[in-house]
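The structures come next, written out as structure tokens.
You will see two complexes here that share chain A, one where it goes with chain B and one where it goes with chain C.
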Partner chain A sequence: MISAIYTFAMTTGANRVVRGARIEHVCGDPSLGSEKDYAYGMRIVGTALQALTVAVPGPTLFDPQAEETPEAVHAS
Partner chain B sequence: MRLELGSFPVRTIAFGPATRWADGRLTVDKAAALAEVRRDARIASADLEVAAPGESVRIWPVRDVIEPRIKVDGPGQCYPAICGRDVATVGQGRTHRLSGMGVVEVSSVNWHDSGGDFVETYLDMAGPFAAMYPYQRLQLLCLVVEPDPALSDESRNDAVHKAALAVSDHVARATISLTPPERETFELGPCDPALPRVVYIWGVHSPQAMSGSLTAFCTATYGLTQLTAPWLLHPNEIVDGALTGPYRTAFAMSWTVANNPLFLDLCRRHGRDWSFLGVIVLRTEWTTQHEKQMIANQTAKTAKMLGAQGAVVTWDAGGNEFIEVVRTIQACERLGVKTVFLTSEDDATDGAPTMLEPLPEADAIVSTSFFKNVTLGVADPPPVRRVIGLDRKVIHRGSGVGLHGGADSALPTSGTLPPPWRYDDHYGFGTLSCIE
Partner chain C sequence: MTTPLRVAHYVNQFFAGMGGEERADVGVSVREGPVGPGRALQAALGESARIVGTIVCGDNFINESPAAALPAVTAGLRELAPDVVVAGPAFGSGRYGLACGMVCRAAREAEFPAVTAMHPDNPGVAAFRREVIILPAGESATSMQPAMEGLARLVLKLGRGEALGPAEIEGYVSQGARRVWDRGRPGYQRALDMLLAKLHDRPFVSEVPFRAPDRVTPAAPVADLSRATIAMVTTGGLVRKGNPDRQVAANATRYHRHSVRDLEALTPEGWEAYHAGYFNHIVNRNPNYILPLSFLRDLEAKGRIGRVHEWMYALPGVSTPVAMARELGRGIGEDLREARVDGVLLVAT
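Here is the complex of A and B:
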């Protein structure tokens, strides 16, 4: 499950949870401009697809922003 | 900060040659009141009507119910800063109120055009549906008002609420030189240090995220509705209307905020049963996990810094806003601030929890029953003899979530109508609770 409010997804039992951007735009960030927005969306979707290939013991968070700099994380 | 609140009970309202209050009878000079409304060039039409408890009358669409309050002594203006009013800090001196009545803002103007937040509330003055709300017991002065349709959403909201406040001011002004038959003093005086210290964390929806505007109309703190850091208010400021204005449920109205029984009890029992430290207004509907957690942490920190040992928590919304509210409760408990949560419940379809995120720290909860009329099984209110406002109401049938989907149709307002889909008693006006 891709969710901006990812702890809720986890406490209610989703096994693979991908951190989304914001409630208004879960899979992207229009404030980045179309090119970066697209890249960001692709990274979220890519993380989600990757998550499907991993065995998990229980609710687990996959964070597409984990390798980003702090500035990029806060850009949304 | 000391505030004396003088109450003038209203038992009847009638139109007459001059606006005056005497022995529970409010007479309203309709032409004079409407002249004050029409002073704003944005108003296209305005009329006043009266509704009394027990009458077979339906009022639709109801945006707000306002209790007339006016400053007699002390700085500022009641219901400050909203709709361009005085921004001076309120809460001192003397305020007069017309109790037992409300000015009803009857208008088709919607809050904003996104997110499914439509004006849905109508009021019946008789019958079992009416008994579910506090307004059925009030004398109501209804302003049926429409602005210039060419204006923006925000300008139309501002215009009709300003108009309702103009009527509220007009009738309240009649009490300025009179001696109030009832008086009450609000003051957080020194008290026994052994008494438990409590704050009230008052969650209020922000329309900022849904509307995309910093200035969208909603319940406002000194006129502001945007997402802000937790805001500490002296209770007297709230008595003077620093937190005011309607939102989408019938329980989120100016009148219910001003008459919130939980808040008034916290004030009245200060120095006897506890030491009331103040109100922290928590704006809700932050839209990332991190923002929600941060605002929960900061709200709890503020309570702790004030020296709180306990906090009472309410909110006025639904859905994802539950997260910052319940995480505020968690953060308070982790800092040693014990919490009590007053909330309605979501439906328990297919065994889902009636709380969106049931955290173990939220272990003292007072339920005000279900959020939705459909879950409560409220019967369709029967036809009425008279309608104040629009003669047709668009309804959305066949949808499990109220407005979002289903077939639309417009029914005569005077006929049998489904109840508005949200019930949601935010402050404990009613007697409904949970099913064990």
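Here is the complex of A and C:
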């Protein structure tokens, strides 16, 4: 699940949660200009696809903004 | 001394002593007086009510052929002319629980008050709790006695035409309805009492019961993205431009699926958001923000993923009761499972 309100997604039990940009533009950010916007959206979608390949024990956050730390953050 | 209330009791073939699984397809019959657990119910009722007859039906018959079984049950009830109908208790037995729910609903439709009892996890609870009075019972018949005592108490109330109080007081499973009633003291006093109790580690009962969200077993990971079929779902209220399907903007009771087979990306000319929970104008300029088709097509062309599933699913995820959300989610999930997709991206606004 890709969501900007990712903490909510986790507490309500989604197992693979990907941090989206904003509620109004989950997969990207128009304020970055079209090129960077697309790259940001692609990073979010790429992280989501990556999340699908990882076994998770329960609600787990995958944060595309934490570029250098591919380590997943687990709930509680 | 008033005349005792007339009670009709419904039991399945097993509790009627006819047999177990091998007799589960037996049809509807009506017997005089209490049968099997009806005797325990009669003991709990005492002098105030009398079981005038027992309706028996096999669990398989009533579940597989309700159109044949339920009219026979209703006819039996009319014949017995009870003040109250009791079904079960069904304990943890799923088919029996569903049967008790159906019987109570049929009774209510024939204007007989009805009550049943079963274990909270019995599928009969999820299916019927909104329309049927269900008392929680134990998992098995070892808890017959307390179940019958609880039923007897409600039988007397219902039979005398007394209005039942709220679920938390009467003890039945919450029906999800809100009624206005006076708790005697204003909310701020009750809230402060609760806060003080909490700070002093004293017990207190919340007026807003917390229902823990379902835990879903995580799906197994996708082994090879480059061969995977990936589907997209959005709760961002994506609709075809102009909303020709007349989807609502909140409190959805249905979802729509649309083919993306011939699309490379979602364009503002073809799609827009109709969702009462956020400002839609940014998505209306680029709908791929809530359904990432453009990105997935890119990755598909590069061979990073196998292919994009032809169908995408959309609804506005706002103001939706959990029960409805669960039903909608189950429908989408079943579709996607049947289509054998390997992974799903769900974008939630």
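By definition in this document, the second predicted complex is superposed on the first by the 67 of 76 C-alpha atoms of A that agree within 3 Å, B and C clash if a C-alpha of one lies under 4 Å from a C-alpha of the other, contacts with A are read in each partner's own complex, and residues count from 1 in each chain.
Just so we're on the same page, a residue touches a chain if its C-beta (ideal position, glycine included) is under 8 Å from a C-beta of that chain, and two chains touch if they have at least 3 such contacts.
In this text the structure is predicted, and so the values were computed from the model without any measurement.
Asks: Tell me which partner A:T11 touches in the superposition: chain B (first), chain C (second), both or neither.
Replies: In the superposition, A:T11 touches chain B and chain C alike.
Asks: What is the contact status of A:A48 with respect to chain B (first) and chain C (second): first, second, both, or neither?
Replies: After superposition on chain A, A:A48 lies in contact with chain C alone.
Asks: For A:E35 in the superposed arrangement: first (chain B), second (chain C), both or neither?
Replies: Touch status of A:E35: no partner.
Asks: Residues of chain A touched: more by chain B or chain C?
Replies: Of chain B and chain C, the partner in contact with more residues of chain A is C.
Asks: Per the contact definition in the header, classify A:I2: touching chain B only (first), chain C only (second), both, or neither.
Replies: It touches chain C, and chain B stays clear.
Asks: Does chain B (first) or chain C (second) touch A:R19, or do both, or does neither?
Replies: After superposition on chain A, A:R19 lies in contact with chain B alone.
Asks: Indicate the residue numbers of chain A shared between its chain B interface and its chain C interface, in ascending order.
Replies: 4-5, 11-12, 23-24
Asks: Considering the complex alone, what residue numbers of chain A touch chain C?
Replies: Listed in rising order, the residues are 1-5, 9, 11-13, 15-16, 20, 23-28, 30, 38, 41-42, 44-46, 48-49, 52-58.
Asks: Touching chain A in the complex: which residues of chain C?
Replies: Touch residues, chain C against chain A: 213-216, 218-223, 225, 228, 230, 236, 278-280, 282-283, 285-286, 288-290, 292, 294-296, 298-299, 304-305, 342-343, 345-349.
Asks: What residues of chain A sit close enough to touch chain B in their complex?
Replies: 4-8, 11-12, 19, 21-24, 76
Asks: Of all residues in chain B, which touch chain A in the complex?
Replies: Residue positions touching the partner: 209, 287-289, 292, 320, 323, 356-359.
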